[in-house]
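Please read the structure below before turning to the comments.
For clarity, chains are labelled A, B, C and D in written order, and residue numbers in each chain start from 1.
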Amino acid sequence: MKKIRAAICGASGYTGRELLLRLLRHQGVEVVGLAHGPSSEDCSMPDLFPEFKTLCELPVLGVETLYSQDLDAVFLALPHGASAPIAKEFLARGVRVIDFSADYRLRDTEVYEKWYKVAHCDKENLKKAVYGLCEWYRDEIKNAPVVAVPGCYVTSALIPLIPLLHDGVIEPNDIIIDSKSGISGAGKKLTPQVHYCESAESFKAYGMFSHRHTPEIDQELTKFAGANVNVTFTPHLLPIIRGILSTIYVKLKDGRSPSDIQSSWDKAYKDEFFMRVRKSGTSVEIRHIVNSNFCDMSYTAGPGRVIITSALDNLVKGASGAALQNFNIMFGFPETEGLI
Amino acid sequence: MKKIRAAICGASGYTGRELLLRLLRHQGVEVVGLAHGPSSEDCSMPDLFPEFKTLCELPVLGVETLYSQDLDAVFLALPHGASAPIAKEFLARGVRVIDFSADYRLRDTEVYEKWYKVAHCDKENLKKAVYGLCEWYRDEIKNAPVVAVPGCYVTSALIPLIPLLHDGVIEPNDIIIDSKSGISGAGKKLTPQVHYCESAESFKAYGMFSHRHTPEIDQELTKFAGANVNVTFTPHLLPIIRGILSTIYVKLKDGRSPSDIQSSWDKAYKDEFFMRVRKSGTSVEIRHIVNSNFCDMSYTAGPGRVIITSALDNLVKGASGAALQNFNIMFGFPETEGLI
Amino acid sequence: MKKIRAAICGASGYTGRELLLRLLRHQGVEVVGLAHGPSSEDCSMPDLFPEFKTLCELPVLGVETLYSQDLDAVFLALPHGASAPIAKEFLARGVRVIDFSADYRLRDTEVYEKWYKVAHCDKENLKKAVYGLCEWYRDEIKNAPVVAVPGCYVTSALIPLIPLLHDGVIEPNDIIIDSKSGISGAGKKLTPQVHYCESAESFKAYGMFSHRHTPEIDQELTKFAGANVNVTFTPHLLPIIRGILSTIYVKLKDGRSPSDIQSSWDKAYKDEFFMRVRKSGTSVEIRHIVNSNFCDMSYTAGPGRVIITSALDNLVKGASGAALQNFNIMFGFPETEGLI
Amino acid sequence: MKKIRAAICGASGYTGRELLLRLLRHQGVEVVGLAHGPSSEDCSMPDLFPEFKTLCELPVLGVETLYSQDLDAVFLALPHGASAPIAKEFLARGVRVIDFSADYRLRDTEVYEKWYKVAHCDKENLKKAVYGLCEWYRDEIKNAPVVAVPGCYVTSALIPLIPLLHDGVIEPNDIIIDSKSGISGAGKKLTPQVHYCESAESFKAYGMFSHRHTPEIDQELTKFAGANVNVTFTPHLLPIIRGILSTIYVKLKDGRSPSDIQSSWDKAYKDEFFMRVRKSGTSVEIRHIVNSNFCDMSYTAGPGRVIITSALDNLVKGASGAALQNFNIMFGFPETEGLI
């Protein structure tokens, strides 16, 4: 069978690395090119990540070297603002785009421009973009020219909350999401907070009421709740390389009981391979999902509130794994291909 | 000047170790004896903790060896249930007791017995016990025969919340405390969750709605609020040795503004050396308080809610440092003695 | 194509877990049974390792439940002493055995009994056992009834040293191996040294002149050197979950130059997928080989000595990956199957 | 009693931070000024290290602001090359200097210039400089105008080796020092190798045969051996914040027995508070010396060689603690002042 020809832009970052590792295991894809970010220099994958020596020694070149190639799909593991102009070029050439940035996530460009402080430069394609939360947009993804891979924190919030809001189990207006992420979420850029001596054996909250994943969470929850949702979202930085755990505080609607959470989740996810509903009261743990595309979730009910915990790997289900799952849907592969 | 003669029971645990390190720096105390927990064997401090070689080579013996000594004070770094019978013996001999366990914290023995599943065996002395939150019970501590050092999570919640409830700044009935603690909080006992390979590079919540620090938080907040307070409290296990950070979600009372939080804290803590009110919007971090007796706190206001973060070292301000601060108050030393 | 029917004994340990993860990716194998160690209780794989929920929900039963099954191969991820009696049973039933323990590694049972302090109970099969260092025993492995997967430290020493001794590049009698291993090397057993608070942010040597991997290193080096080799070997415990790095100090033989090291390695390993000879002077790093079956190596020459560094993942090339590579050779699969 | 007036240049680095913490505990010193490195901006200590809020809120200014102050002593926690010109200024003003850099360590400026690639700009004062290894240069330190605090790796090698070479117990020409250091040894500078995701859960050697501490080790060992010593020294980067452990491979001289090591150490160190000779065969561990000024050491004898391990905190006995111990000797304080 002819393999799908794919390329990665932004192969030099942590999500590019994770994606490539999984594409090398995928039976139906050929990686035909790698590109770096705008201001970087040409090199090879093992120069950037010595772990690819022998495994994949492709050069990592400027993105323009990919435009002339015969590609079926391109993964853009680029920062917001940098992604849209490049996506536009590929889309004009008929290459299907799987985008990791925020550029095609927010439907309302005013919201985008307010939170990201840049003008949106591809409003045309944005209209055709599909939000790549596979479990909820599968049908639209199949034929989408461009999918927007959801944010990592966002995914950890949406997966447990969408069914509950969709089914009217919880109040839409009293949701607190206390999220904790590993340091790879901050990327490879050298900032004081990623110095080992500043982050190991420490912990902090950041971006209180100002993290850019907030409007993305609100957009999707509002859509599925059929009512306006504005969450309180607080990200934290864990002294680990990868993984996100979100502790979510919700209130049941009048007349609802805790077991409705279980039913709602079961209904939504019983046939979803990567969704794992744990028994009520269980502690989901980051170590159970690291390096995998799974999202684990559990709830515990108590006086007046229910505590939900969800866990996923920010680099896999929160980025590269989700991207590959989207790709599998777009090109007709089993969703688990390359992801076990 | 004659030194105060003190002993430690439970010197073999992490809090005993921390306390001894600080007592060795204290100008006014002589450590005259160390005892281990009930089922341990006689040894010396460097046998248990080689870091004490040269520094303190005292034997660590059964607690009964301390009863006959001429002591002014004893620190009991023992588990709940084990502490009260021993405290009783020392109190009968006129030795002042600084107790780390829950045995003298909860005023209502029914609540104690419900949460700790053991009968309380010293109701007599419990009546005279003082809750050792130095910043709020200083006057009572001065002459107390026995003080109960507050729980570590509890302290991280009470310090920022007491002034706000006392001054009527926040609603007493909508408080969520999302706390994260280092692994030393689980003690030296060997359980699967403290294995390096199960805890490093991981993270989890535990004890949802069932952690024993909950009634202690409620008791003290209720007292200072003058109204019934029942918090939602979720502890988590951080892959670090020590430190607690609590993220606390509160709502302002009608007519109150975020700056009232600042004023309330300033009023309560401006002369308190170990209380550090950071600027609004600041990220308090565990690395700023590790190994110290400080508690850092900050708030950020947003739509509908205020997020408070507090950080302290669970082994210092959350245990041994607080114990020593109590001791300093009881025996007339400057509160910072041994704690800088 | 009919799949090879395989089982794992010792699925409850860290190496069992790693092996199963890789067998699930293998196109030509069916895992038909899992057994636990002797004193454990029946359960399921997700009970032991929640990360297997959905992925593999097989029960983990007593080893005797496997004897009656129709198996082609069995992996024994068991401790020394426990392995041989079980291997013997499987071999008697014509099942080929891949053994992780030391029981079939040392050819001389006197040496085995001296270092491991137990009598060897299967001297018969030991005669037919092949030492499973794939790159050097490939032909013998193909038809071996039982292979002994080499020790993790041992592999990190043998891979760089065998070619150099075989080709007479270095002195056989002045070799120092200073090895550092992650904590998973100590297994899941709860001992004080694996407590997070005793191992994180720390480091120590152990087993000086007494580690059981020493005679195994000597046996194999002696064989390939054609002269008696007795190394000085010091293991250390790194505060990481997995990975081994060995720093090896050797002396060139008279008339040999440092570039002979490069030539010797190139000759031995240029067609070996999992052997990666890095440029002289390079720092091999554990992060480059974690989760993979690669072994990286490099050398730096200086006055009087050459420093060699090698790195591999103790749970993969040092155990389960090597086991699977052996399996692939035994059953005619590409050596990389399940290992990318 | 009048306090000694001291200042720190380079308060913005990790060693400056550690020194200041200890000076605040010292009964006989007043910290009258703090200066930053050459290209930094004026700020306050809590701006750099929020942990100093309340504790020490001094401004951190340009070094020239210190020249006009009435100082008894200045600590220079500056990089090599930057230190000597500043030391010269202070020495001209009669201020005694405790220098952390390499500028006054190597007696031979040719060696200095070869290894450090800069011209030495203060050969005059270098002649009067004393090597600040307190246990071996105590008498010279008392009246030294300038002391050079030894390198961190160097100290971990010299402390166990000087007595053995001085007493002729071991061969001077076959010494291998395999050292492992925490990441704070690399300083606060942001480089890829200090990124949490590149260093956590990893390990590597670096600077093989080229680390600048090599000539310093050779200089001092040669002096005490009375014979030319050239060690093989390999540093490694541990995924921990602080601490050094060195594994040292030596050979006994003919006629010497392992117990001569014990006698030699006992003779040298029995009255030295910070030197802790552990029982032969003991594993010294970094956690036993972290945050302290102790150096632990032990040996294990085996066929043909002896393995010595030593451990110290690179920021304390390897830098700031040693600096303060020197200061105590220079100004007549007990050596332990501020260091318990």
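Following the convention adopted for this analysis, a contact is a pair of C-beta atoms (placed from the backbone, for glycine too) under 8 Å apart; a residue touches a chain by one contact, two chains touch by 3 or more.
Source: prediction; values computed, not measured.
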Per Cα centroids, the chain farthest from chain B: C
Pair joined by the larger number of C-beta contacts - A-B, B-D: A-B
Distance between the centres, which are taken as Cα means, of chain B and chain A, whole angstrom: 40
Chain centre separation (chain B, chain C; CA means) in Å: 47
Distance between chain centroids, defined by C-alpha means - chain B, chain D (Å): 36
Per-residue overlap in chain A, given as positions that touch at least 2 other chains: 200-201, 239-241, 285, 287
For the chain B and chain A complex, residues of the former touching the latter: 176, 178, 180, 182, 198, 200-206, 208-209, 230, 232, 234, 236, 238-243, 245, 247, 249, 281, 283-287, 290, 300-305, 307, 309
Interface residues, chain B side, partner chain C - complex: 14, 183-184, 188, 190-192, 194-197, 199-201, 239-241
Touching residues on chain A, where the partner in the complex is chain C: 24-25, 49-51, 53-55, 200-201, 273, 276, 278, 285, 287-289, 291-292, 294, 296, 340
